[in-house]
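In the part that follows, the structures are each spelled out as structure tokens.
Okay, so subunit A shows up in both of these, paired with subunit B first and subunit C after.
Up next, the complex of A and B:
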């Protein structure tokens, strides 16, 4: 299966929900940008189309642009051809209102990972069965450590003066 | 039971070493197992039991969380390799290889053919060592102390081989961007073949004392059954997935390095219980031995050639070049530490001993990563505790835990 065929499949499945598609270097990662409002519908359709589990759920903080990008990287166990590819279902949410909907009831494999995004970025997943920090303790999770404005102060760079 | 001490919280609270329990309803007790328990440790499972039957289980992870995703954002690209190794130190090559490959993808370079074979060589050595480590821990959980001693002793063979090849027993930092750090030493392949023969013989011994042992069979058969559909739905990975009848292995489904040129099979079992997972791991060791034999043959047949992409050693100082050409050892130049990676995103995955690990790498064109998302095999498998354990007896919990080959430092990242 060629990457373009996967793109065609995704376009056929998602229809006009697709805003942008990009095939990244290596030709095995396809990023599909959609609207935040259509994520549940899109995920349900993608699952029907054979993308049966999420490889990972993550968020990226674009602080300067004032947005978070949430990415569900989908793949397949059942379909050999699709399993070569990762389709990243991505959408943006505003940084000052970090709220979105949970996909844990559609993809059970996303359940713990949404908790990880919640603790790292403080993004609320509405409808999640048990939204609480997974790896961090609650006081640390409150500081939202994976956001770009949380700066780790360790290992200061030592500048060595040149000896003459 | 002599080990039980009455707690001072209430009459119904029991204090057992390594466990703490309280009554939360009629005939319902909540038991905290871990985080220090007599096995691998660093992970707590909170179970609610009615009599001896677990009605609810909740994995409580994060005791060895080292914020790797955040730490990697603050340091040079190459410094993330020794950091990520700490996820699973005995499986270091498998764990870091996808990251190295993701960055190579962004750079648009590929390692030389010999370096690819050397990467596969260390990957498989690591895989066998990690399986043996898992067997040892499994032996502890089941109270089978011979199965703890033997695999840990035999693992030494593979750890020694890795040390000879890379210079370090566990955290090798062997694959680097553009190639590997060293070529094989003289006489390495002969020792490798000897180790392969030894391992085949030992697996027969394991079969007699552990795999075919009636006590072990009684503890494991029909315990912790993961049906095929549920395994896919939960996104379980590695030998656990294949023991549930799903033919999925990154080495076949998304071949990397030279795995598509090597001849090996993906063993699959249909039962999905803890006993099938034991057989699965034994079969996977045999397949790894088969791969190692082919790699040894290839290394013997082909002359030495550079194990590093020319981009990195072309500009190296003359002394570095001399060391590289004479000994086959790569000295990493300063260019590695200040290297800027072109803007873009890459996704790369690899098959570790415990299953699939994936890296989402994003670069903004700087000398540090913008965002790296790691999802490791054990983290995927953690869902098993929530969805598979309920319905079993407390006695079955160690059997399930051991058969999943859960490794907390890898899961917590």
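Up next, the complex of A and C:
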């Protein structure tokens, strides 16, 4: 299957929800930008079309533009032709109101990865069955360490008490 | 062998001669504390707490090629039957809770070895938001530099710890005084297990 055929398939499945489609360098990653309101409908249609699992859920912080871009990387196990490609289902949400809907009931493998996005960026997924930090402890997760305005100090100050 | 009696040697099992020699050794030349130090130095039991990638080298150190059991140390299962901990690599804030819990369960006298650059001062994660230095959690006796250290380095650290124990008489002083006078008690500054609700 050529990458352009996958693009045609995605356009046929999603219809007018698609805002923009981009084939990335390397011809195996296709980023599909859609509206934030139609994400659950789009995910359900993509699952019927053969993209049966979520490889990765991630987010990008565009601080100056005031938005988060949330990306679900979909791929296939059962369909051999589609399994070569990864389709990124991307949408934007405003940065000052980081709330969106969860896809954990459509794609089961998205559940833990949405928790990772939650602890790193503080994005709240409504409808998630168990939304709490996965790897970080809650005091660290409250600082939202993956946002761009989280300051990582180059040389943290370590106080060593001198022995007498 | 002419003119020298083979009695009392290891290969001749004369128990009367051996007992006489042992009594002379224990009560005369040796003090009993040295025996405690000697015994503790060759019965080190590291607990299995693999925090990071240095655990591969830790496993290789007890494999047949770099057989560390010959130095008198063997990894054991539960923390309550061990007296040494080898901190292998990075300790994240959540893992620091587990490290401290394991450390508290181990019987005295207990020893800690910090292995790898991350355990020394953070390594490549030196400015990460989610790590602690192991010396902020437990009192460390011996540090092993390297990223990761070779299994020979682990053997060297164990031998170094044994030398230190016998030179400073750590175990016998613990028997006398009930605590380790050579090491200050380390109390973590921050609450490590605050995330954990019973």
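Observations
Here is the rule we use: the second predicted complex is superposed on the first by the 154 of 164 C-alpha atoms of A that agree within 3 Å, B and C clash if a C-alpha of one lies under 4 Å from a C-alpha of the other, contacts with A are read in each partner's own complex, and residues count from 1 in each chain.
As a working rule, a residue touches a chain if its C-beta (ideal position, glycine included) is under 8 Å from a C-beta of that chain, and two chains touch if they have at least 3 such contacts.
Everything numeric here is computed off the predicted structure, so don't read it as measured data.
One of subunit B and subunit C touches more residues of subunit A, and that partner is B. After overlaying the two complexes on the shared chain, residue contacts for A:78 are found with subunit B alone; subunit C is out of touch.
Contact with both subunit B and subunit C is seen for A:145 once the two complexes are overlaid on the shared chain.
By the touch criterion defined above, A:135 reaches both subunit B and subunit C.
By the touch criterion stated above, A:86 is placed in contact with subunit B alone, subunit C being left untouched. For the contact definition in use here, the residues of subunit A common to its subunit B contact set and its subunit C contact set are 133, 135-137, 145, 150, 152, 154-155.
Chain contact summary for the complex, subunit A toward subunit C: residues 133, 135-140, 143, 145, 150, 152-156, 158, 163. Only residues 61-62, 65, 67, 69-71, 74-75, 105-106, 108, 232-235, 241, 246, 248, 253-254, 344-349, 356, 358, 360, 362, 370-371, 373, 375, 379-380, 382-383, 387, 412-413 of subunit B touch subunit A when the two sit together in their complex. Residue ranges of subunit C in contact with subunit A, taken from their complex: 93-94, 121, 126-130, 133, 184, 194-195.
By the touch criterion stated above, subunit A contacts subunit B in their complex at residues 24-26, 28-29, 31, 52-56, 58, 60-61, 71, 73, 77-78, 80, 83-84, 86, 88, 107-109, 111-113, 120, 133-137, 145-146, 150, 152, 154-155.
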